[in-house]
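In the two complexes that follow, subunit A is the common piece, with subunit B as its partner first and subunit C second.
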Partner chain A sequence: MKRHFRELSVTATLLLVLLGMAVFAPAFFQPQPLLSLVTREAPTLIVACGMALVIICRQIDISVGSQFSVCGIGAGLLAARGWPLPLVIGAAVGLGAVLGAINGWLVAGLRLPSIVVTLATMVTLRQGLNLGQQGAFVNLPDKVQWFGLNQSAGQWVLVLCSLAVLATLGLALRHWPAGRQVYAVGSNAEAARLAGIRPQWVTFLVFVLLGALTGLAAIMNVVQSPQVQPLAGAGLELKVIAAVVVGGVAIAGGRGNLWGAFAGLLLLACVSPALTHLHIEAYWEKAIQGAIILLAVVADGVRQRRSGP
Partner chain B sequence: MRALRGVDFDLAAGEVHALLGENGAGKSTLIKVVTGAHAPDAGEITVAGRTVHGLTPTLAQQLGIACIYQQPALFPDLTVAENIGLRLEHGGATRRIDWPARRARTADLLARVGATIDPEAEVNELSMPEQQLVEIACSVGAGARIVIMDEPTASLTQREQGRLFTVVRELRTAGVGVVYISHRLEEIFALADRVTVLRDGASVGTHPVAAMKEADLIKLMVGREVAQLYPPAEAPPGDVVLDLKAIGCTASGVRGVTLELRTGEIFGLAGLVGAGRTELARVLFGLTPADSGEIRLNGRRVVIPSPRQAIELGIAYVPEDRRRHGVILEMPIAQNMTMAVHRTIFPRGWLRDGAEEALALDFIRTLAVKCAGPDAPGGTLSGGNQQKVSLARWLATKPRVLILDEPTQGVDVGAKSEIHRIIRRLAKDGLAVLMISSDLPEVLGMSDRIGVMRGGALATVLPGGSDAHTVMAAALGQETNKGAA
Partner chain C sequence: MKHLRLGVLAALFTAVAAVLTAADAKLMIALMPKAKGNAYFITVKAGAEKAAKELNVELLFDGPTDSNAAKQNEIVENWITLGVDVIAVAAENKEGLSTALRKAQKAGTKVITYDADALPDARTYFVNQATPEGIAYGLTDEAARLMNGEGEFAVITATLTAGNQREWVKLIEARLKSTYPKLKLIAVRPSDDLKDKAQSEATALMSANPNLKLLMAICTPGTPGAAEAVKQAGKAGQVKVIGLGLPSENRRYVHDGVTESVMLWNTADLGYLTIYAADALAKDQLKAGATSFKAGALGTFEIKGDNILLGKPVIFNKANIDQFEF
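Up next, the complex of A and B:
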């Protein structure tokens, strides 16, 4: 109970917000707008799952926004050339994995600090994309949007797909030796090494996984509209890291789980529609999200100091 | 536990006073008290006729007390002049620095200690002895009247040692009192005027060096052992499990170690700090793989390139620093215990909480770990119980060879004898135990055979039940009692 305090408190806050909406703005719960909201957040959730793993491993990747844009544009260009959709999906995931592997190799292989490495790859990828694409949108063939299904079916596919990723990774993190190794490396890499775990290998693989998931998320974003924007991923890294941190994943590594990241993401995502429904100015959105993040971090700091050594 | 118990120590101006004692005798604590890092809870300190109360590091510095540690405490990315300036110049953070004066002063101080070092060189470009000279120059510049040197020659070559001795003698001529700590008896005879021997936190006498022989000093250091009960061996050792032939590792300084380890045997590894015992353990566990010699396990020749390989071969290593390398403090006890056995006890790659908990409960029972339950984080346990968790992790791998590095360091007396009984029981069950310990009574009491390491090599192997004097003499490199081996 005490160990999962953060996950539970974020979940409780989320439920409280939803309850408040049910009372003061029941219109929030109309099925179609709600489904659209959740669909928009589905790609973010997938990236957040990967980010949670990276942060539990005591690393960070701030290049996910750029990876997301690159994978999206790449997938769009292939689709525009008439590649079949399954191949396009595979290519996006593969491209993401390659980008993640570059980060992972620099961090784990050369032992460079991840914040600097991914800052560099973030800027490089974004500017490279700007140069190549000159800000132009990519128009997609008709059958790509919603996988060629009708909108509501496509939305359901995306939502279920993201939930499947969440469930799979959540269970893997808890029940696979690999998941346990991520925690061990994030808590104390040297102790993990002495226990026969290969910390550099684990670190490399979480970056690759995050890259692959970012590629998957990019394709899930691409299919939601008839065009791909090169700026689709701008600011994604902050959104994702915020969700993960609000969900109780310790930025110092070794602590947290995906349920928390999920709840944290939903909580932050609720802010905007809640404001709309309560007729509050939209300018408050970022301020409130910032306050939520600050509150979560302060709560962590206070708890840590109280129970610390 | 008291680290120091009523130590009397006096230092005259223009004297080199050696401080001698085995690991844990209280030398470091005494230095920390004198430099103001630790406050003594009884007694008094008098400097130049003035009794000092509430000594702090700053006050100690003002009184002219300087300490040169084995590892110089300089800023590696700053130049020599900047390092010396930081120590010696006073004033606000926004004052203007007089660079020419700073350089001139540095050059002058370096010349006074006979060093040919460029004041503009960055400290990370300097060798260890050069860094020590910078430290000494610092203390000269601070007008130190008391200079404490903690094993200054530990990482020096013969020639560098000679240069250091010259500087120490010059300090003495200049009327500085030098406290000289070293394990090397020949240095003490070459350099010191008087020697004080510490044992178990108490002084066992101060003597003029000229009146002492090496054997006298060793006798003083070791003293008579307090009788303590250790669980006895019940059966003779079995077959050879681990067979090392001239094992060496250039990177960590292990040289030509040859030894056989048998099932059911506790092989104690004694030696001074830095003699290469932990380094040997790290070689055997694949952390710094051997680059010469031959390792045989159950008669089969093996290479151990990584901890992973070592674990697969049935070698387990319980490291010395359990808080940093052993137990993961934020992880539950159960997860800590299963960390090295993910691949063997969960064959289908699925961790079942039930299986993990059962294994943890089993160890909590057999090792008598005092804890709130298998879910309690490792950090909530006492030192002795953390050590048991660390031990459990390795026993779970069902090893054939168990290497223990300082298994009872920082553990209270009750838990200590409990751990001793556990180790003996494991040996009885057929494990080959290699036990590194700086606790001499522990090595003597527990071991079936005792290896003594010195300078990265296995100096000698003594039978169990050897006396402390013989072991200490071997660790220090003295050839007394030749027949005992």
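Up next, the complex of A and C:
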């Protein structure tokens, strides 16, 4: 109970918010709009899973928003050229993995600080995309949206796909040796090395995994509408890092899990539609999200001081 | 050997000096968008490039990646250091940017604004793409027409702090009060210039307000975003979509009957006119008190006070949208 206090408290807050909505604005739970909103968050969840792994490994990647845009536009351009969808999906995931590998190599191979490396790749990728695409939307062929399925089938595919990724990675992190290695490296890289783990290798791989997941998320976003906006994904890094931190993953590494990140993401994603339903002015949206993040960080700080250095 | 080195140095020096004077002779105009990834500003840039070529001036184009007021200040500071002749900006934040622009004026750089104005004392002219009244009243009139003069509608903006967006909302409210008392604006929601966020906002707006009859997007990514939400909700025709936008980004939704009409001025002309005005300003050809101004191939434009007016916005709908390529 005490060990999972943060995850449980976030989940409890989320349930409280949902309960409040059920009482004060039951229209929030209409199936179709809710499914559309949840589907919009499915790609974000995938990126948040990857980000949680990177942060648990005591690194950070703020270039995911730019990676997301590049993969999305890349996939859109290939689809517009008439590539079959399975190939486009493969290309998006592959491109994401390559972008992740570049970050991973710079961080693990050259031992550069990840915040600076990914700041650089964030700007470079974004500007490169601006230069290449000049801000123009990519219009997609007809059969791309919802993989050519009908709308609700397509939405369920995306939602279930993101939940499958969450479940697989969540279990792997907890029960597989490779998953335990991520925690080991994040808590104490030197001790992990002495225990026979190769910390740089683990670090490299979590970046590659995050990149691949970001590519997957990008294609999951592309198939949700008939056109891709190059700016899509701007600010995504803040959204997922916030979700992960609110969900109880320690920014200093070594602690936290994906279920917490999932709850954190849902809680933050609830804020905007909840305000719309309660007819509260939009000015409060960012303030409330900020307060939630602050609360989470303060909770971590207090806990750490109590448990001593 | 020593002489040879000196000779080479001298030659190099002359070459550099020649390049520098050549660069000096060419007027340097710096053009800043609110966000350079935005398709809207890309078409502005295309028009600007055309004008720059005709006038034989050097055009710099730089701005924030996303709508970021602080980043705009930084770029203006850089341009002051660089010594450009004219700065033409679309201000993300009126008050915020004005300080930096005044500094530029003090340093001898001419300043004009386009698309979104700064404070009047921080620039000489504002190239007004359509008066705020023209846009706000145009959209409100179109909404009233589609809603038969009564019912609830909601607005999707870029950000709640963007100066022009705030002004438009105020004017929309004023127009409702004076002309359409039965039209009710029930919410204003931000989209952060993201189509996807606009879609989520529109989805929530529709489920929270079952009587909603129309969504009005006053930023270009908001219009296709709102349309996708209406399409997914299966409410095409029941909840109408109008907004600012490029024809190319809205064509499909207009043909599907989801989006009723899209409004925009000719953005390439805006860029073209801005560069012509900047050039004339630098050459002192634009005198205070002038009431008209001739800009190359586009002809003569009206000047009202310190505003150079681009003219009336264009409405694109099913009937005419296919005639426009951009």
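Here is the rule we use: the second predicted complex is superposed on the first by the 308 of 309 C-alpha atoms of A that agree within 3 Å, B and C clash if a C-alpha of one lies under 4 Å from a C-alpha of the other, contacts with A are read in each partner's own complex, and residues count from 1 in each chain.
We adopt the following convention: a residue touches a chain if its C-beta (ideal position, glycine included) is under 8 Å from a C-beta of that chain, and two chains touch if they have at least 3 such contacts.
Every value quoted in this text rests on a predicted model; they were computed, and no experiment measured them.
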item: Clash-or-fit label for the pair subunit B, subunit C on subunit A; value: fit
item: Partner chain in contact with A:G254 - subunit B first, subunit C second, else both or neither; value: first
item: Which superposed partner A:A191 touches (first subunit B, second subunit C, both, neither); value: first
item: Dominant toucher of subunit A (residue count), subunit B or subunit C; value: C
item: Subunit A-centred angle between subunit C and subunit B, computed on Cα centres after superposition, in steps of 10 °; value: 120
item: First (subunit B), second (subunit C), both or neither touched by A:I115; value: neither
item: Which superposed partner A:A25 touches (first subunit B, second subunit C, both, neither); value: second
item: Which of subunit B and subunit C A:R180 touches, first, second, both or neither; value: first
item: Which superposed partner A:A167 touches (first subunit B, second subunit C, both, neither); value: neither
item: Smallest separation of CA atoms, subunit C relative to subunit B, angstrom; value: 28
item: Footprint overlap on subunit A, comparing subunit B with subunit C; value: none
item: Complex contacts: residues of subunit B adjacent to subunit A; value: 285, 287, 306-308, 310-311, 317, 319, 324-332, 335, 339-340, 342-343, 346, 349-352, 375, 379, 393
item: Residue numbers on subunit A that touch subunit B, as the complex places them; value: 3, 174-177, 179-181, 183-184, 187-188, 190-198, 254-255, 309
item: Residue ranges of subunit C touching subunit A (in the complex, touch as defined); value: 35-42, 65-66, 160, 186-190, 192-196, 199-201, 203-208, 210, 221, 224, 228-229, 232-234, 248-249, 252
item: Of subunit A, residues touching subunit C in the complex; value: 25, 27-28, 30, 32-34, 36-37, 40, 123, 126-127, 129-130, 133-137, 139, 151, 221, 224-227, 229-232, 234-235, 272-273, 276-277, 279, 282-283, 285
